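Common to both upcoming complexes is chain A, partnered first by chain B, then by chain C.
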Partner chain A sequence: MTLFLQFFLTGIVTGSFLILATIGFSFTRRVEGFLNIAHAELLGVSAFTTWGLNVLLGWHVVAAAIAGIVFTAFLGLAIGRIVYDPIRRLGPSVLLITSVGVAYAIGGTVDALVGTGIRTLDIPLATSYRFAGLRITDYQMIVVAFAVIATGALALFLNKTSMGLAIRAISANPELAASRGIDVKSTSRITWLISSGLAGLAGVMLAVVATLSTDIAFHQILQILAVAILAGLGSLYAVIAAGLIVGVAMDVSVFWIPAGYRPLIAFAVVILVLLFRPEGLAGRKSR
Partner chain B sequence: MTAFKKRLCGMTALVAVAATAMPSVAAADTTIGVLVPLTGELGEFGKIVADAVELGVTQINEAGGTSCGMLRTVIADTGGSPEQAIREATNMIDSEGAVAILGPTSGEMVALVDLAKRKKIVVMSPYAGTITLNEIGGDYVYRTVSSDLGDGAASGLWLTDRGYSSVAFLVQNEESTISPAQVARETLADAGITLTDYVVYNPGQPSYQAELISVISNNPDAIYLAGGQESGITVIKEAAVAGFEGDWLLTADLAVPEVFDAIDPPILNGKAFVELAEPDNSLPAYKAFAELMKKSAGKDPGPFAANSYDMVMLAALALEASEGCTGEALNSAIRDVSEGGTSVASFADAKEMLAAGTDIDFEGASGPLTMDKSGTPAGSYQIMRAEDGAWVAEKFYPASEFQ
Partner chain C sequence: MTFSSLILTTLTFGAMFSVLTLSLNLQYARGGMINFGTVAYFASGAYAYAIFTQDPPSGLDQYAFGLGLPWYVGFLAAGVASLLFALITGWPTLRLRGEYLALTTFAFAEVLHSFLLNERRIGNGSVGLSNVERPDPALIGVNDMLAYAIAAVALMLMTAFFFHRLLNSPFGRTVDAVHDDETAAQAIGKDGARIRLQVFVLSAIPIGFAGALYAMITTLVAPAMFTAELTFFVWIALALGGQKTILGAILGTLALVFFQEAVGAIPFESVRAAQIAASVEEVVTGILFIIVLRWQPWERFSRRTKA
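Here is the complex of A and B:
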């Protein structure tokens, strides 16, 4: 039983990382109206910026992480304004295909700047703690904590601030919101900053727990898509539920079936849920 | 617009000057394509291969080149992608006129087999151990490294020799890691060693905790980890944090010094071993190559450097011995120069012997290159031990151990 619970606990951590990786992606989809495939590459930008500042320039990891997140947020904003804004009128399909090109451009730039091989942050080895026979590391707890903080902060922002309410209005009906005097451009910019900043936070978590290679960020896109599709491509709360479901399902499945099938489990869960609830966990009307 | 024109004229002049200053391509009559992963996880290996091939080409051209003229190389990055390898190889053959393509990895070699046979161009790899080539290699498709089956046999032999009573296997979900793991697993079963877990995992994950839970709970004497650098480093760190104190046997991808930058050396020192195909470094040909490498690059040869150097030597000697300057001619002569004649280790000597009509058996820095019907030579293997933050030699298994 302890072994099974250990798989479950690991699944919570995996799910928390997936929430962090997906929440910005889902937020972009909700407000900007398209699937930004380049979102995963922003994780890599943040991870390698943090690594560069921490390892090459000797910054403390916290300062490096903050700088990495801020840089990624503004890079995402710049890409949004320079690449996506001019072609927005062409519709979500063109934006999606363009985002694939942006993903390759970012990935290629990271490849060229970072080079080959593997990279790790200059941080101590994780410390393992035991609770009721279950093992969890300090870095895993940090991932879970940031998933809670990020989703909570985003929910508060969207529900309690005027900018958050403006973003929700734009996502519900852009024409109506604009006609009521909401500044569409500034809400779009804030959206890019927030979603890219969240990708930056996920990238920092990736750098903390994983070994970095230049293609690791893009490896996350399939699971991000799985969580986003399961969530219904719109709701913040559904992303939390979907992330946890996919994370726990993937890790707990290892208790019964070979670990090589973990990605298959992620999509099997998505297919199963969509069979009964085609609109995803969020439901058609939920935002 | 005027400024733009001035800049354009300036650039044109610069290019013209640069073109006249560059060595004449016309002087190099035969093109060798160097197709390696220069980016991505295997980029470190790709650079080692490309550098060693360039060193070989320099030596060949300094010795007067081949009967097909001087050699020149065109280098392309595959990024570890078989699709990109096919695109770049096609370009090398059709646009650059390459007669041989050297350096692809396992997956890329398999992807290139059809192209090689269709275009009648030799492809050769210094590190593609995949057992798929045991079935489809041998005509236009060669390698200067032994099959993964040999890696698996060497790993199994080492784990048995160490006297472990229980071993767990963690194997990256790729053909190049699964093949040797299966051979090692059979060796352990024959020796009566308990296999506590056999976990095949997918790379590219932030964490491998789920894969490690069962492995750690069974507390084996050693873990055999057949994985890449990205996954391998994370697995080792997470196992250490989870309290695993047994030994490790790692595969060749982790036989790089960067491992000690990523993992605190005390985690590995005395407990981690790595197995890799390695030439017998007591051979005079290897010593001569190592000295040459040190002189030209200022460092010792990296993994597969000797195999890469031999690869281009073999291609050049096949051109020298053949009656044409095409991939087809090269393919027809490659076995003639690597078996059944007078043993020779340097290109210059071999060239002279060929001119004198002597049948040669080229044995390079990596050892004998006599190939079986799949175009694969027998291999020797080295076990390295982690000590004071570096890999040091632990045990050498000559090719005769596996015959």
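Here is the complex of A and C:
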């Protein structure tokens, strides 16, 4: 039983990371209206920028992480303005396919600069804490804390500020929002900054809890897609629920079936959801 | 690598992957379906061929079935396996549209990949099946590489011919009608979902054959050969060639394969240099892809020649 609870607890940590990785993706989907496959590559950019500043240049890890997140946010903004804006009129399918090209370009650049091999940040080893027989490390607690802070801050921003209101208006009906005098361009810029910044934060978390290799970003997109589909590509709260469900399901599954099948659980969830409830957990019918 | 062998390799793999691009062209440009799981149909063909022709397991082998049948039985089995997999995955998913279909097919491909990797009884897990049986071209007195280049080109031409005839038949016009205006097509009694499933399943068969050919050429099937990268590779080839034409799909694939083979043929001093070249190749491919989708030079060109 303790082992089961331990898997469950690890699942919550995994889920928290997935929430961080997915909210940016889901946010782009909502406001820009397409699935940005390249989102996961931004996690890699941020993780390796942090690693480069921290290990190669000897910066303190916090400074390196902040620089990594800011760099990723502006890189995402630049890609949005240069690549996606001019082709928006061609529809979401072309945008989706183009984002595959963007993922290739980013992934290849990271590969060329970093090379193969396994890397870790220059930080102290994790300290393990015990609560009633369950173990959790301080870095895992940081991941959970940041997931709570990031989702809370985003919810406050969307609900309490006028910029948040503008973003919600655009995601609901872009033409109407534009005709009511909302500046679509600047709203879109803010969206790219926020979603890429969140990808940056998730990348830093990845660098903190995991060992880094250059193919790590690609593996994340699979799980991000799983969470986003389960959430119904919509509301922030659905993403939180979906992230926790997928995270816990993946880690608890190890209790019964071989660990090699762990990623498969995420996809089994995707297929089941799309077959029986294509609009997702909280989505409206819109096929 | 000499220039002639570079051309021969390009022709072999280019023609083989063209079969995939042609099928994708049929599904996307004519059927309006985004299939992000192309590699799964290719893999099921390759594995079916290997399992049907492989000798029964012995020694350290962990696979459960090796039927030891002749190559032509395996080749047919590859087509059937791909067809069956298309039926299983297509039947429940084709009522989904656009990006949802893309995601489900992608998910199915990942599930298959994970099974091939973890379930050792299918094909030795990550090790894969090696020394796959293949017809020996020396019997008819032709050099190995040349024979398989000819086989690949023949398969490509047959696929192109089959799709060409199919699309110029009344069935092809029905497909276009469903693609252009599904409601109107339904009003005159055409079942859109059924037509889409038919297109999906028909276009999967040549992919299975191509998978069998791939297994013959490399004499190896392993999960690492069938990753999502292959799917994206075919999509990039399709975009490069300009959508909607059979010739474009073929030329796009040949150009992309030639580019990759040419980069691979450059002799490098160190491992690091080769690694950087591979990464740069990836970046260039990605940027080409973005540029082609943005400016669509081929469509503009064809419009100009028509005017």
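What we mean here is this: the second predicted complex is superposed on the first by the 279 of 287 C-alpha atoms of A that agree within 3 Å, B and C clash if a C-alpha of one lies under 4 Å from a C-alpha of the other, contacts with A are read in each partner's own complex, and residues count from 1 in each chain.
Convention: a contact is a pair of C-beta atoms (placed from the backbone, for glycine too) under 8 Å apart; a residue touches a chain by one contact, two chains touch by 3 or more.
What you see is a predicted model; the values in this text were computed from it and never measured.
Participant: Specify the outcome, clash or fit, for chain B and chain C once both structures are aligned onto chain A.
Facilitator: These partners clash in the superposed model.
Participant: Quick check on the superposed pair: does A:Leu35 touch chain B, chain C, both, or neither? Answer first, second, both or neither.
Facilitator: It touches chain C, and chain B stays clear.
Participant: According to the stated criteria, A:Gly260 is in contact with first (chain B), second (chain C), both, or neither; which is it?
Facilitator: both
Participant: So, does A:Gln6 touch the first partner chain B, the second partner chain C, both, or neither?
Facilitator: In the superposition, A:Gln6 touches chain B alone.
Participant: Check the residue A:Arg180 against both partner chains and state whether it touches chain B (first), chain C (second), both, or neither.
Facilitator: neither
Participant: Have a look at where A:Ala268 lands relative to chain B and chain C in the superposition and call it first, second, both or neither.
Facilitator: Touch status of A:Ala268: second partner only.
Participant: Check whether A:Ser213 is in contact with chain B, with chain C, with both or with neither, and answer first, second, both or neither.
Facilitator: first
Participant: Quick one: is A:His60 in contact with chain B, with chain C, with both, or with neither? Answer first, second, both or neither.
Facilitator: Neither chain B nor chain C is touched by A:His60.
Participant: Could you look at A:Tyr104 and tell me whether it touches chain B, chain C, both or neither (first, second, both, neither)?
Facilitator: Once the two structures are laid over each other on A, A:Tyr104 reaches chain C alone.
Participant: If you stack the two complexes on chain A, which partner ends up touching A:Phe17: first (chain B), second (chain C), both, or neither?
Facilitator: first
Participant: Where on chain A do the contacts from chain B and from chain C line up?
Facilitator: 111, 115-116, 258, 260, 263
Participant: Enumerate the contact residues on chain C facing chain A in the complex.
Facilitator: Where chain C meets chain A, its residues are 34, 92-93, 96-100, 102-104, 106-108, 110-111, 114-115, 117-118, 228, 232, 235-236, 239, 272, 275-276, 278-290, 293-294.
Participant: Could you pull out which chain A residues touch chain C in their complex?
Facilitator: Residues 34-35, 83, 86-87, 90, 92-94, 96-98, 100-109, 111-112, 115-116, 218, 222, 225-226, 229, 258, 260-261, 263-264, 267-268, 270-271, 274-275, 278, 287.
Participant: In the complex, go through chain A and note every residue touching chain B.
Facilitator: 3, 6-7, 10-11, 13-14, 17, 111, 115-120, 125-128, 135, 137, 140, 205-206, 209-216, 219-220, 250-251, 254, 258-260, 262-263
Participant: Residue numbers of chain B touching chain A in their complex, please.
Facilitator: 38-44, 46-47, 79, 173, 199-207, 209-211, 213-214, 217, 229-231, 233-234, 237-238, 240-243, 256, 258, 261-262, 264, 267
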